[in-house]
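Structures are listed in the sections that come next.
There are two complexes below, and they share chain A, which is joined by chain B in the first and by chain C in the second.
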Partner chain A sequence: MHDNYKTLLKNNGMGRAGIGLILLVLLPALAAPLLSPYLPGEYSGSIFAPPSGSYWLGTNDVGQDIWTRLLYGARTSLLIGGGVALLATLTALVVGGSAALCGGLYDQVVMRFVDALLVLPAVLIAILASAYLVPGISLLIILLASLIWPQAARIFRARILSLKEEGYISAARTFGASETYLMVRHILPLLGPILSAVIVQHGRRAIFMEAGLSFLGVSDPTLISWGSMLQHALRYTYLDVWKWWMLPTGLLLSMTITGLALLGFALETISDPRLLPAGNR
Partner chain B sequence: MGKIKILLTYLTAFLLILTLCFILPKMMAGDPLMALYGDEALVVMTPQLQAELIERFALNKTLFEQFVAFWGALAHGDLGESYAYNAPVAEVIVKALPWTLLLVGSAFIISALFGILLGIESGSRRGGRLDRSLLTCLMLLNGFPDFVMGILLLLLFGVLLAIFPLAGAVTPYSGETGFSLVIDILHHLALPLGTFILVRIPGIYLLTRNSMVMQMEESYIMTARAKGCSECKVRYHHSARNSLLPVLTLIGTQMASIITGALFVERVFSYPGLGNLLYESLLNRDYPMIQGILLMMTLMVLVINLLVDLLYTRFDPRVAHA
Partner chain C sequence: MNAKVNFNQNMVAEHVTDQPVLQIRGLKVNYGEKSILQGIDLELTPDQPLAVIGESGAGKTTLGLSILGLSRGQVSGEIAFKNRDILALPLNELQKLRGREIAMVFQSMANALNPVLKVKDQVAEAAQVHKSFLPKKNMAQWVEDVLVSVELDRDKWSAFPHQLSGGAKQRALIAIAMVNSPDLLILDEPTALQDPLTTATIIRLLKKSIQGRSAIIITHDLSVAAQLSHWTAVLYEGRVIEYGRSRELLQKPRHPYTRGLIRSFPDMMRGKDLQGIPGRSEWLQDGCSFQPRCTQSISICKDRQPILQGDKRHLIACHRGGVIPLLECRNISTSFGSTKVLQDVSCILAEGETLALIGESGSGKTTLARTIMGLVHEDGGEILLEGKTVGKRDKNFYNRVQMICQNPMESINPGMNVLQAVGEPLAIQKIGRSADRDDQVRKVLNAAELPNNKIFLQSYPHHMSGGEAQRVAIARALALEPRLLIADEPTSALDPSVQEKIIRYLLNLQEKKGLALLFISHDIALARKVSDRMAVIRNGRIVETGQTSKIITHPRHPYTRALLEIAAAGSMCSMRLKS
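Moving on to the complex of A and B:
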C-alpha cells in the first residue's frame, strides 16, 4: 500500500521544501566549529559590536559572538527536538500498541490515563515543572517527552486496532504467527508513514516548547538556546542591535519549525492520500 | 465517550495537576520553606512567621498530613502569600485577570471566525489558485511561535514605524476617560491581538479545510448540486455544517494554546495580564505566585475543554454511543 512512499515524498512540494529548510539548519549546526573561530561562551569582543569581518552578526551585551551562539543554539534545538521525538514516539508506540493488542481492562485504564494527560495543557505544566527543576538538556528532553506523547499513543492505538482486523493478519495468525511476530513483521512496517509523521511533529513541538521555556528564562541559564537569546535581545529594543541579534534568531527559529511543520504535513498527507491536491493523486 | 467517562477523564487530570503542584516543591533540594516561598521570602522571614508557615503547611508532620493541609488550603481558595507583592496570591491574580481575558477572548473570536471562513472557501476549491496560495501562506505562518511573531510585529510597527505603543495596556498617567480611554486601550491591544490572529488562524484553517475537502466528496453534496442548490448554499448550508464538527473539538485545544500563548505574547508587549505577572514572578522566584498563576490557567483550560467535550456529545450523538 505504501511501497511508493519515498517517491510520493519526493514528488510532494511541501515535503521537499521542509527537508530543504531542515538541512539548511542541520548542516551548519553540525559544522559549527568549522564555521566560527569562537566558542559560544567565549567573551571574544567588545560589547554591542556591529557586524564586521570578524564578527559576522556582531556581539551581544556581554561581548559574545552572535553568529557563533546562533550555530550552537541550532545544535541545542535540534538535539532536544531529536531526543524528545525519539523518546516520546517510543513511549507512545509502547503504550498505544500494548493497549491495542492487550485490550480489556488494561486498555481501558491506560487510555483513561492518556486522555487525562491529553486535556492537560502541556506548555503550562512544562513551565511549572521547569520553574522548580531548572532543567538542563537531558532533564528537558525527559520532561518534554513525558508531556507530549499521549496524542500519538491514541493515534497508534487506533491504527493498530484497525490493522489488527485486516484479512492478511488473520491469515498469518492461522498459520501460527505469534503476537510479537505479527507486531514486528506485519503491523510495524505498515505504521511507517504515520510513525515518521509523528516523529517529525514531536520534534517540532519539542523545539517550539524548548524555545518558549528558554524565552521565559526557566531552563538552565547556561543552555545556549535561541529562546534565551531572544529573551536577552528583547531588553535592548531601543538600540539598533535587534537588526542582527533578534531578527536572525527569531527567523531561524521560525524557519526550523516551519521546515518540520511542512515535512510533517507532507508525511501526513502521504499517509492519508485523500488530503492530496487533486492533481497529485 | 459517555458523559461519565468525560467527567472521569477531567477529574483524573485535575487530580494529576494538583498532585504535581504538591510534589514539585518537594523535589527541590534544601529547606522546604525556601522551595515553597523562594529565596526572597527568607530575607523577611521572622521566627514567628516561620513557625506559622511550618504550622500551615504541616511541614513538621508526615507527608500525608502535608498533603491534606495542601488540599484544605486550596479548597478554601487560599493560594498562599506572595512576598514580592506583599499580598495574597489570589488577590494579585484577580487584578491581572481582566487584561488577559480581554486579550484571549478577542483573539479567540477573531481567529476562529477568519480561520473557519478561509477554511471553507479554500477547502471547497481544492487545487484552485485560492486554495494553493492560502495553503502555502498559512503553512508558512504556522511555523512562527507566538513570541517570535510578537517580536516581529513589535519591531515593525512599534520600533521601525512607531505607530503602535511598545508596552502596557493604557497610556500611564494620561487620565483619559470614556471614549478616548477605549481608543487608548484598543491602540495598545492592536499589536498583541494582531500577533494572536496571525499565529492562531492557521490551525483552525487547516483543519476546516481538510474536513471540508473530505465532506465535498460525499454523495449528499452531489445530490445537493443535482437538485440545483447554488454553490454558496452547498458550501455553507450542506458541507460546512458537517465539516465544522471536527473543528469544534479543535476549539478546546485552540483556546488552550491561546491561553498559554498569552504568557509569551504578554511578556513581549509587557501587557499587564497574567503572562507578564508570571514572567516577573519567575524572575523573582516567587513560587506561590508561579504556582497560583499556572494552576489558575490550567483550571481555565480544563473547564473550557470539559464544556467543549460535553457540547460535542450533544452536537454529534454518534460520539456518545461510541
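Moving on to the complex of A and C:
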C-alpha cells in the first residue's frame, strides 16, 4: 500500500530520538564558527588550561581549544559519514540493481565477486590500507566506501528481484517500458525507505570506522577527528584533562552513532511493515 | 399428391446438365450518372442455386432485372443465357424468353398480381402467353397441377388478390413463375414480409420448385440464402466482393463485409450480440468500395479496386485477402521449471474477432496470455502478429497489443495516482504532448465508466475499491488504442451492470475499430455473449476449439460438456421455486 513514510517516521519513537540526537550533533557542527571564536588548528592559549569562560572545555597539550576541535571534529565525522554513505550506497545500488535487472551470467559473476568481498575483514583491510596510504578525507571516504558496500548490494538485489515480480512492473513492461525506465520510475521510488535505512547504517559504520582508524593513528595526522582526539587524550590520563578532553569526545561519538543507529532501526521498521508492532500496521 | 410428384419429375428430367446456363461477364448498369452495377461476373449451373446477398441498394434487384432484360438503365457487358446474349436479343425474342425460360418472382408481391383477375386465371394467363408450350386442352389440368404443387388451398383458386393473405399471394406468384416450367428462376426477396411459419413453408416450397433447374435467390435474409442456395455471391456497391459455397461462406466468411452482414443478422443459435458494419455505403470511385467502412484497410485499399480472385470454390475481392489473422500461436509450450504449463497450444485470432479462452484455474490461461505478452518465455513454438513472427517484444508490439491483467490492484503501482497510472502507456510510448495524454486519459476513464474529474485523477490505488481498480486497469489498457486486447478475467471484480457497460464498449470498439479480443474467462455465460469462437483449455492443452455457438450447443469434449453443465446449473431460468 501507499504509505506516508514521513508520518510513519514521526510516529516512531526510535526515529524521533535518533533524529533528535543527530540534530544535536549536526546543528552545532554546521554553526561551528558561530559557536567558537577560535580555529581548530590555532594555538589559542596555554597548554592543559582547565575549562574557563574563554576555553569552555579547556585546552589540549599544544594549547588548542578542545571545544573548537570538538565542533570541527563533528564536521569531519559527519562529512566522512555522509560521503561514505552516499558513495557506498550508490555503488551497492548500481551493482545490486544491475545484477537483479540483467540477471543471467552477469548476475552470477557480479554477485560471486560481492560474496568474495563480503568475507574480507573490512576493519583489518582498512587499517592496513590506511597505514600505507595515510589517507586524507577524500581518500578515506573512497577507502571506507569501497569496503562497506557489498552487504548493501545483496540487500538491494534481493529487494529489486522481488519488486521485479510485482504486477505493476510487468504491466509497465507491457506498455513497452525499458529497463532504465522501470528502474527510475518504478523501482527507485519504492526502494526509498530501504535506501534511506541503508544510507543511515552506512553513515554510522563509516563514522565509527573513521574514529577507529584515527584512534589507531593510521589516518592523516592533520585530520581534526574525534578518534585522534581520543587517542591524544588517552596519553594524558594521569592528568585531570581526560575529564573535559576524553569524556565529551567519547560522549559525542556515542551520541552520533546511537542517533544514527536509532534512525536506522526506525527506517528499517518502516520499510518492512512486518517489523511494525501490531497496532501500527 | 400424385399430380405434384408428376409435376416435379417432369421438371427435373428436362433440364439437368453441367454446362453453365447463365454466364454474366462484365455487366455494368448505369442510371444516369450513377452506376449501380460496376462489372459483375457470375456463372450459374443447373441445380446449383445461387444466392445474391447484400445490403439494400447494393444492386441485387437490378442484377435480377438485367437478366430478364428489364433493367431501365444503360446496360453494358454480356449476359449469356444458353449461349444467347440477352442484351443483344431483339425484343420479340426477349419476350419469348421471359416467363417461359426465365421467370422471376418479384419483390413487391402486392403490385405483381393483377387486382381484377382471379388467381387461377392469372396463372393460366402466364401459361397462355407462351402458347406453344402446352396444347390448350391440357391447359386447365396443368394450371391446377401447378396450383396444387404450390400448396395453395383449393378454395382460394378463384379468389381475387386482395382476398389473399401474404403467404397465399406469394404462393400465387410462385405458381405464375412456375407454370411455364422455366429453366432459370429468379426469386427476389421471396420471403420478405412473411411470418416465420409462412417463411418456413415457402422455403420448403421453393426448395422443391428450384430442384433440377437454375435459380438465383436475391435476398438480405441470410437464413433464406443458407437454406436455398449452393453458392452465394455477396454484392457490395454493384460489385461481387465474395463468392463461394453458401455453407462455407456463411459459416466462415472471409471478407470483412460479409462477416459484418452475418454478425448483424440475428441468428438463433448465436450467443453474441448483434454487431453491425460501421458507416454507410458511400459509392466512392477510387479504391476498394468497402474501404471507408473497413477496419483493416491499408494504403493500397484507398488507391486500387481489388480484383475478385481465389480458387474456384471461394473468390474474394480484398487487398488483404479477407479478414486477416491478427494473432497466431503455433505450438506454444511453456514450463516453469519441470512443470509443463502449456503444451503445444495453437490458436488463431482474426482481426475484429473475439476468441474466448475457457478453462478452470491453473489450466494455463493466464500463462498463455503472459507468454503472448512476452512476460513469460516460451520453450517452443511461434507467435505471429499480423503474419509476422514476433521475437523480442518492442514498443511497436506493445503499441498494438495490450493486456488487462488479472489482478488489477497489483497491476497498478501503489505510488502512482490514476492520472499517472492510466497515462503511463502513453508516456512510455511517447505519444502526444502532456496535455493530449491527459485528454486521452479522461476519454478512456469515461469509457471504463469511471469519473474523470480532478479528485479521481489524483487518487491512489489504495483509495479505490476492487471494481474501480479493475476499471482503471481496463482504461489503461485502452489508452494506446490497441489492435489486440488480451483481457484476463477483465470484469471479475465488477458488478453485472458495470460489467455489461464495459463489455458493450469493448464490442463497440470491435465493431468500429476492428479490435481483436482474446477474452480469458472461466465464466462461460459471459464468454458466450462476447465471443465468436471459443477455445477450451485444460492442463495446458486446448481440448476443443470452434465457433462459440457450436461449442455451446454441441460440445464434443467431455470436459467442455462438464463445464457447460456447471454453467447451466447456475442459470436463473432453470431455478425452480420450492412449494
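Convention: the second predicted complex is superposed on the first by the 275 of 281 C-alpha atoms of A that agree within 3 Å, B and C clash if a C-alpha of one lies under 4 Å from a C-alpha of the other, contacts with A are read in each partner's own complex, and residues count from 1 in each chain.
Keep this in mind: a contact is a pair of C-beta atoms (placed from the backbone, for glycine too) under 8 Å apart; a residue touches a chain by one contact, two chains touch by 3 or more.
No experiment lies behind these values; they were computed from the predicted model shown.
Enquirer: Please tell me, clash or fit, for chain B and chain C sharing chain A in the overlay.
Expert: fit
Enquirer: Per the contact definition in the header, classify A:Leu133: touching chain B only (first), chain C only (second), both, or neither.
Expert: first
Enquirer: Just chain B (first), just chain C (second), both, or neither: which does A:Cys102 touch?
Expert: neither
Enquirer: Just to be sure I read the superposition right, which of the two partners does A:Thr237 touch: chain B = first, chain C = second, or both, or neither?
Expert: Only chain B is touched by A:Thr237; chain C is not.
Enquirer: In the superposed arrangement, does A:Ser170 touch chain B (first), chain C (second), both or neither?
Expert: Touch partner of A:Ser170: chain C, not chain B.
Enquirer: Looking at the overlay, does A:Val62 come into contact with chain B only (first), chain C only (second), both, or neither?
Expert: A:Val62: touches no partner chain.
Enquirer: Name the chain, either chain B or chain C, that contacts more residues of chain A.
Expert: Here the partner covering more residues of chain A is B.
Enquirer: Rounding in steps of 10 degrees, give the angle chain B-chain A-chain C taken between C-alpha centres.
Expert: 110
Enquirer: After the superposition, pull out the minimum Cα separation from chain B to chain C in whole angstrom, please.
Expert: 14
Enquirer: Where on chain A do chain B and chain C both make contact?
Expert: none
Enquirer: Okay, in this complex, where on chain B does chain A touch?
Expert: The touching residues are 5, 8-10, 12-13, 16-17, 20-21, 24-25, 27-28, 35, 126-127, 131-132, 139-140, 142-145, 147-148, 151-152, 154-155, 158-159, 166, 210, 213-214, 217, 256-257, 259-260, 263-264, 267-268, 278-279, 282-283, 287, 290-291, 294, 297-298, 301-302, 305-306.
Enquirer: Which positions of chain A touch chain C when the two form their complex?
Expert: 1-2, 166-168, 170-177, 181, 186, 189-190
Enquirer: Which bits of chain A are touching chain B when the two form their complex?
Expert: 14, 112-113, 115-117, 119-121, 123-125, 127-129, 131-133, 208, 211-212, 215-218, 230, 234, 237, 242, 246-247, 250-251, 253-255, 257-259, 261-262, 265, 274-275, 277-279
Enquirer: List the residues on chain C that touch chain A in their complex, please.
Expert: For this pair, the touching residues of chain C are 370, 373-375, 393-399, 401-403, 405, 407, 410-416, 424-425, 428-429, 460-462, 473, 476, 480.
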